[in-house]
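Structure incoming, see below.
Chain lettering (A, B and C) follows the sequence in which the chains are written, and residue indices restart at 1 in each chain.
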Amino acid sequence: MYDVIIIGAGVSGCAVARELSRYRADICVLEREEDVCCGTSKANSGIVHAGFDAEPGSMKAKMNLEGSRRMKALAEELDFPFQQNGSLVVCTDGEQRDGLERLLERGQKNGVEGLEILEREELLRMEPNLSEQAAAALYAPTGGIVCPFGLTIALAENACENGVEFRFRTQVDTIEKTENGFRLTTPQGTFQARTIVNAAGVYADVFHNMVSRKKIHITPRKGEYQLLDKTAGRHVHSTIFTLPGRMGKGVLVTPTVHGNLLTGPTATDLEDREATDTTRTGLDTVTEKSAVTVKNIPYRQVITSFAGLRAHEDGDDFILGQPSDAPGFFDCAGIESPGLSSAPAIGSYLAGQIAEYLELERNPSFQPTRKGILDPAALEFSKRQELIQREPAYGRIICRCEGVSEGEILDALRRPLGAKSLDGVKRRIRAGMGRCQAGFCAPKVMELLVREGVCDWDTLTKAGGDSWLICGKNKDAIGKR
Amino acid sequence: MREYAVVIIGGGPAGLAAAVSAAEQGEKEILILERDSELGGILNQCIHNGFGLHTFQEELTGPEYAARYIEKVRQMGIPCLTDTMVLDISPEKIVTAVSPREGLFQIQAQAVILAMGCRERPRGALNLPGYRPAGIFTAGTAQRLVNVEGRMPGREVVILGSGDIGLIMARRMTLEGAKVKVVAELMPYSGGLKRNIVQCLEDYGIPLKLSHTVVNIHGKERLTGVTLAQVDGSGRPIPGTEEEYCCDTLLLSVGLIPENELSRGAGVELNPLTSGPVVDESFQTSTEGIFACGNVLHVHDLVDFVSEEAAGAGRHAVEYIRGKRGQDICGKHGQGTALAIVPGAGVRYTVPSILHPERMEETVKLRFRVRDVYRNCYVTVRAGEKQLLRRKKQILTPGEMEQAVIQAEALAAVLPQETITVSVEEV
Amino acid sequence: MEKRILTCIGCPMGCELTVELKGSEVVSVSGYTCRRGKVYGEKEVTHPTRIVTTTVRVDGGAAPVVPVKTRGDIPKDKIFACIRALKNVTVQAPVRAGDTVLRDAAGTGVDVIALKDVGC
């Protein structure tokens, strides 16, 4: 019997896990994929929103503001990349001007600091590549960018180091209330817990509805993106939004925290909760709509495109806490944008509620800091030289596009909750994330996965499950047909 | 800081030939920096034959062709550092590199020869919609897995792109036990050699579908199939022509891009038409003392031409240094007129794109690619109204690099403000 | 009389050759632009041959396989027999470029040799 089972190792689930590990409790995270950060958390804009967009008084507004205020300190504590690059909501003609004013007012109500409306001339000094029709913009200096993998993995590793158990490839099928809590069935066996955190992303309504008569409904809302090479990374400096509409914040153009340029997302409501495929129409829409605010985006330098599903709840707000008819069951549902920005706040908010419900004591040995993977390129010349003398693996570059050494990859494999697949390595240390998209480094990373005993050649995968990469040796199939 | 006369970035066919040529000029202080653990570059995984007909008048495989040059480099005692990744080249020719043995180090070079080669266009660059399952590899990645690691990346294969690497991999996968179902080519013609179409596809009954492309990817974890569709004259898929192919592997052979990230850092001007440096007749880039050759300069189809070009770069690099050292034997380096060469009708690009008539040797070889397939046509080189060259060609195809040899004396009459144009004239 | 249509591989022209055969005798070749086409057409229909390049497993080596080739041309219809024969070959490291890894591949009289050194 666990004190807490958290369903879902996305950014919200991991944030709750990390904040709960401040208490003495038996905590387990159940994740259906082979790694953390495999659902909505891995395919989004990577934006830390300033907080002007959400309806004043909503959970979104509250969590966003607090989350974004805490992100910098958290980034230092857990050593993940975060940058406050500021954001601009660009309006393109006089008609939209009112919208901008309303947004400013809403932002001020929400308590966002430093908001101001800038006119075209000033805007162009900041962002010379804004489109011809860009007339004015709401500037939010507190807007930022974060690596969504970096944030989620950091939270998970820290939770793990503080005693939280993670079980991967464990998909929850059913939840039943029991006398002292809940019983969860999975293909890997039955689990019992006094409390549940439902951080299941686009499936959160399914689990909620298993225990509560107050039904909720989540619509998977697809967002497609295009990622451009680092050579295009300075096309804009701040995050450029259009005025928000009914379906969300619209198509944005932003540098990423690693120096690429990202455009997207589209917003298409779906039935299928697994439809993370990109479409011709979607990608074309991104190209077209991004041009409304930013000119001359060098789309010839696209290195990949992807799609994610946001968990949009009918009530249009985060659902955090216990339904009145299911005590001990803590929802963390409807976490769409600004979910990433809100994660630190959501984690504390729910952990606090659970601690109170379970009357948990503080964990005196809680270790709040975590060290990320060492980046030799960030070291001074002589320090890097010393490092390589001590550990020659840091002198062997495996991923030439992102400059990732063998030493860093070994660290990604060996640390707590280490990478188990090519994508796991990619998300932790960016090998394969660059312009050649793993063309050169994939065979070498495969070799390291095998050499380190993470898997063997026949069980190597791109991202766990049936995503196998190698089917035997040369000529195995000769003479068999 | 260590100092060398010529530092060569890359120990593939271009770097090796440049090194040998520089050493043949009598230069002693040459250093080759190679990121892989052995010399030879991409030739190590190109185990098919057909290399060396021009250079050695015999048909060699990739490793054998590389071995000829590696042997010369060894005999000449040219130092090489393998497992060594160059991180930066400054315009002042300070090369920063890293290796497990040497750690992080810097070298001051008098001349640098860029010979980093190229990379393959990945799926992302095509913006192919669909899921992102395992089983989509560039042809070169699959080639490395099969030919170097001895591991099969799939059982049932569709190949997109009929350039030579795609065709060669169709045969390699077949001979190692996979079933290659089809090769699809976006263009109405193949960019590969006729010989490869016959010996890699027809020999094994593999169909080639011209004017076809992949329009959808199926399978969430491992690839389960692709949708092919016919395309119209502008490359757009024609609705209603879709066909499903079951396969677990899609190999992409859809173009190569010169790897010029280091060049950019060295302040080298790039030619958007080649994605390689702008060079003059001596293969010197816009940064003085930095030369470029091989696939980092422009993508070649024959390694023989890489070797020839790289030998030129090696020779000119040494001449450049001697000019600097006051031992200017040829008297060719110094100030002078620079003539621009521009691609004319039917020509995509030329290398070089700048000529210095006062500095050049007796002849210069212009290499270029055409935009389309042309039959019974003329290649002409003009400077203003003057015709410098006109040559009949039975066929020109985009897949084959062409060359035109210009005599220095023919350039004597060209005025500095005139541009030189290379074009295809149809009869 | 049998007619065979081929694509000449001599150059990018890719001439479409028509070869007329009576039994195994070539009666005529047409469609070529240069002599190479005629020679290729005659050979390709009577005794087509290929160099085969592939890999062979290495035991105890720095690399798991070594690339190999038939030292000379073998009949085209022996390619798969040659590949099947090589499936069962494993060579011991060290291997030197030029080492014979299989003698008289599939009865062709042609040896298969290593293309590269593989150390231990």
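Observations on the structure shown:
One rule holds for everything that comes next: a residue touches a chain if its C-beta (ideal position, glycine included) is under 8 Å from a C-beta of that chain, and two chains touch if they have at least 3 such contacts.
Bear in mind that the values here come from a model prediction, so they are computed numbers and not experimental data.
The central chain here, found by comparing per-chain C-alpha centres with the mean of all protein C-alpha atoms, is B.
Averaging Cα atoms per chain gives one point for each, and the point farthest from that of chain A is the centre of C. Note on chain placement: the centre of chain B and the centre of chain C lie 27 Å apart, centres being C-alpha means. The geometric centre of chain A is 53 Å away from that of chain C, both derived from CA atoms. Chain A and chain B have Cα centroids lying 39 Å from one another. Residue positions of chain A touching 2 or more other chains, listed in rising order: 473-475, 478. Residue positions 54-55, 57, 64-65, 83 of chain C are each in touch with at least two other chains.
Residue positions 146, 148-151, 176 of chain B each touch two or more of the other chains. Chain contact summary for the complex, chain A toward chain B: residues 226-227, 231, 274, 276-280, 282-283, 302-306, 381, 384-385, 388-389, 392-393, 395-397, 400-401, 403, 405-406, 435-440, 442-443, 447, 457, 461-463, 465-478, 480-481.
The touching residues of chain B, counted against chain A in their complex, run 35, 83, 85, 87, 98-105, 119-120, 122-125, 127, 129-135, 137-138, 140-141, 144-146, 148-155, 176-179, 215, 217, 220-222, 248, 261, 264.
The part of chain C that touches chain A in the complex is made up of residues 54-55, 57, 64-65, 83-84, 86-87. Across the interface of their complex, chain C is touched by residues 473-475, 478-479 of chain A.
Put simply, chain C touches chain B in their complex at residues 6-14, 33, 50-55, 57, 63-65, 67, 69, 76, 79, 83, 97, 115-116.
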